[in-house]
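Letters A, B, C and D mark the chains in the order given here, with residues in each chain numbered from 1 onward.
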Amino acid sequence: MINYLKNIIKGFSTILVGMKVTFINLFRPNVTVQYPNVHPLVRAGSDKMPDNARNKLNVIIPKCTGCKSCEKACPVNCITIETTKVASIDTEKPLMEDGKKRVFWLSQFDIDFAKCCFCGLCTIACPTSAIVHSTDFEYSCYDRNELLVHFSPFNKEQVAEKKRILAEEVKQKAEKALADKQAAEKAAQEQNITDSKIKSSDDQTSANQNIQNNSN
Amino acid sequence: MENHQFLFNFISEYTGDILAGVLIAIIPLALLLVYALVAIYGELKIASFIQLKLGPMRTGKWGLLQPVAEVFKLLQKEDITPDGADKPLFNLAPFIIFLGCYAALSVLPLSSHFAPSGLNIGLFFIIAISSLAVLGIVMGGWASNNKYSLIGAMRSVSQIISYEIPAAMCILGVASMAHSLDMNVISAQQQGGFWNWYVLGGPAGISKIWLIPFTVVMFIVYFVTSLAETNRTPFDVPEGESELVAGYHTEYSGMKFAFFYLAEYGNMFVVSAIMTVIFFGGWSSPFGDFLNSPIWQIFWFIAKSMFFVGLQIWLRWTLPRTRVDQLMYLCWKILLPLSMVCFLAMALGGMLY
Amino acid sequence: MENNLENTTNNNKINIEYSQFDSERMRLNAGPQHPSTHGVLRLEVELDGEIVTDIIPHLGYLHRCFEKHCENSNYNQIVPFVDRLDYVSAINNEFPYVMAVEKLAGIEVSEKVQILRAMCAEINRIANHLLAISAFGLDSGAFTPLLFLFREREFALGILEKLSGARLLYNYFCPGGVRYEIYSDFKKDVKVFIDSVRLAMKEMEDLLIFNDIFIKRTEKIGLLPKEVAINFACSGPVARGSGINFDIRKSAPYSSYDKFDFDIPVVEPGKEVVGVSGDCWSRNWVRVKEIEESCKILEQGITLLPDEGSVTDGIPKKLKVPAGEVYCKAENTKGELGFYLVSNGSDKPERVRARATSFVNLAILPSISKGYMFADLIMILGSIDIVLGEVDR
Amino acid sequence: MTIQEIYDLLKIHFNDDIKEITDISNGDSFITVNPANIFDILQFCRDYETLDFDYLTLISGMDSGENLGVVYHLYSMKFKHSIVIKAFVPKESPNIQSVVYLWRAADWHEREAFDLIGVVFDGHPNLIRILCPYDWEGHPLRKDYVTPQEYHGMKVPY
């Protein structure tokens, strides 16, 4: 019987103690932040976003060498890089931010933020700190495709143009190489022409035979 | 106390009986709706302040229009009836629950000159009509064709029916002291200061002092049972969201859900109002004749009731939920014996004074 | 053989008797979408009225092929995946993995890094336990404790954010050190954090832990006897709540835990505060006491952590892991978390096997919750403190 | 006890079934045993007085090329020593005895090894998939596993 009453009183008193706690908290200042009205950088426990905060990635294109280290370091494959070599005949001869000559155009530098896991491995891997975390975290959107951000400074036509220039250069080089080769061959032929004069008649007969065989 | 028909007579003098009846019926409805808006806002804000946040802040100044916005949101939501549901019962259930709560309002004496219906067996009527809510809950829970709803409804039925008994004991105790079941009469008896309230032994001079512990315990018993009858924490097992998702109203949406919501808050007010009437002097001012005019009486009545609504809200954001068997244990093994002992004492008091 | 199996399952004493009337059973699907299954766990429950007679857990709704992913990633790339196992205590997950790689690659780590790692792990442990306790309160229907303790958890996350740059999934540890240098106010922040946590826990004891309704809901519920707990290989607060004095920080001190002076809270039979050893309340109580112990470790860490020296110097430029295999374990917030790492000498591991704590601990649920009520099942599940990310991997 | 002592002890009792110790300088050495007798060996490990491995830390399956390996990590609460035991089963008949009756902890570990690697544990009371869907085909952690293109009409590689 005493136990019974004790239990009742204990239960009642613990409830009152709990109510006291909530009553005290009723008059405490709130700890939440009215998010869009008050910027969330003002947060309980930290007055500003830390320097190494890992939010949306940003690529500083003038710093990027196109080494693809970040692409390899990414654990979720959200970075896609495609580079085009800078053609020597290209009139546009840009320098990197540190004054070095640019070797690659970044014809494609896409980051899919729908896949990005904000691990920061790409920023560590980058040798020139071209890919960094910004403090921007408010980039939600209605379409998933908008999360695929293109960092490349070129649009499609420009990329095509750069590719064309490179192809031209390659072609020119190839032509030049061919011309050089032909010239060398010619020179060699001219040198050898006296040596091979005797043999040439035999060669011609065998060539004729070949043609006949083919036509048969 | 023949004055409670005053308003009816006053209006019917100019309009006619039927129109007066309609007008008189609308007043509690308006009161209920306005009260529900206030209570919902109050619940949101009290909960938020306890939890160190701000609560609704977007809709209007300090989020004052939040309950209105919620009503509009619920109004335009799709009204879904599940495929396997028993459609007539499913659709009827929320209205039956609401009916129980609304009908109970009809006998509450808001002031000495105004009770929508001056029933001389008001307390009895309220006990009877508040049992109607169980019917609605079990109908809704069963018709939903959802196992969570069914469990919730079954829990609710066992809970409410059990808790009616200690609740009735409390009301009987006061009735035996007041020698009346008329709520207006009980309120009038407690006029003349808070020491005349039945929670402090009733209007019987200094010799009633031995009664005070019993009446206070009786009040606590009634408060606990009222929590259980309105399915509020810590007795919200029928809708305990951590176990039964939302209990008996899991499948409801839109306006029908709003009715459940409204009925829950309405029931909170009804039990608070009964508590006010039988223990805290009803409409009578706590300071004797000071501010005891009929208009002020309305204020006192609503203020007292809202205090208990606030208390219920405060408790809700403090306590964890009990388990079903513990709830039954509390009812049958603690509250019922306590209320019986107190009832004996109060009945003795009723005989003596 | 079969008797043996039956014996181990029926060891637990059921304190609520089965209904005498064999009524019709109801099969209830609790989950995958249910407010209290702590994620996407599906429990197929057989109910006799309110009493649970059978329970079948269905896992895998959050299976993200962790082990398969690891086979296709190099050692550094796995760390972000490891974070995502038990996402509320990510630093503690990185700990054993990084230690395993260091052991395989033979990397020595400086003392400053070791102490910093232990401190981070303890901050993270407090953050996890705050969530576990408050979510346990939420399971019992009390909503306010959740938000009270989230305030303190916010402090913890703030400190870890300043250290690592991320709030939840840190990717902070790496073989050889940690990713970023310590910021200047770290020690001051930790001090403030400890004081605030202690105050909050005092308040929480009043509000929830010693509340009579809460005690009635949790004491003598979900009894897990010591032998059964060992047989099921339970660890962490679940095991310590059953009276097993097993904590890897003490039994096999790793990192710098041998430098700290702290106790292991164990609820041994006969020494209970409330309830009996092995019930839900005891498991929760172990967590409450562990927060205090973690505060102690942090206090010592503040004095032990040297000011000079770098924490990022030890990171090798190129991580070379020779062939070999190792099982490295650490005391995660939920128990023993181990990584069984098999390397074949290339830059990618041959096999990474995680001994997921929640996975092992969850296995006891079917055998300790039979015979209790459905509401108790929720409490038992809450007291085991699982994270579905770790269960399903 | 060191692994060599445990090996010697096991060798006395099970001579031919215990194959060899593989020493790993930078990790945990392990003992390879004959899979046919695994239950008895592990039961001995659990029940023998000076071994007392009452705590089954982990069972992991692994694909080692031509064979499937089952790795048992055991720990003793009393003596605080641990041991790694490996058994290799051929891929064509990957059957090994279940140890659920020794440690209940083995239950879900074995189901997982069955699910992901495809080791069949004879005598397991409920050997069904645990992480993959129940009707999933193949064992994803095998080295020769090819990811299916479709599952119930859904594209698998996203």
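Note that a residue touches a chain if its C-beta (ideal position, glycine included) is under 8 Å from a C-beta of that chain, and two chains touch if they have at least 3 such contacts.
Please read all numbers here as calculations on a predicted model, not as lab measurements.
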item	value
Result of counting contacting C-beta pairs for A-B and A-C, higher pair	A-C
Averaged-CA centre spacing for the pair subunit D and subunit A, given as whole angstrom	42
Centroid distance [mean C-alpha coordinates] between subunit C and subunit A, Å	37
Distance between the centres, which are taken as Cα means, of subunit B and subunit A, whole angstrom	64
Geometric centre distance via CA averages, subunit D-subunit C, whole Å	24
Multi-chain contact sites of subunit B, meaning residues that touch two or more partners	50-53, 317-319
Two or more partner chains touched - positions in subunit A	15, 18, 21-22, 25, 31
Contacts with two or more other chains, residues of subunit C listed in rising order	144, 148, 151, 207-208, 211, 213, 216
Pairwise chain contacts, counting only pairs that touch as defined	A-B, A-C, B-C, C-D
In the complex, subunit C residues that touch subunit D	1-2, 4-5, 8-9, 59-60, 63, 65, 67-68, 71, 103-106, 228, 230-233, 244, 246, 251-252, 322, 324-327, 329, 336, 338, 340-342, 350-351, 353, 355, 359-360, 363, 367, 392-393
Subunit C partner contacts - residues on subunit D that touch it in the complex	24-28, 30, 54-58, 60, 62-63, 71, 73, 77, 80, 82, 84, 100-105, 107-109, 116, 123, 125, 129-133, 140-141
Subunit A to subunit C touching residues, read off their complex	10-11, 14-15, 17-18, 20-22, 25, 31, 43-46, 50, 52-54, 73-75, 117-121, 124, 133
Parts of subunit C lying in touch with subunit B, wherever the complex brings them together	26, 28, 34-36, 47, 50, 137-144, 147-148, 151, 207-208, 211, 213-214, 216-217, 373-376, 378
Subunit B residues within the subunit A interface of the complex	46, 48-54, 57, 220, 314-315, 317-319, 334
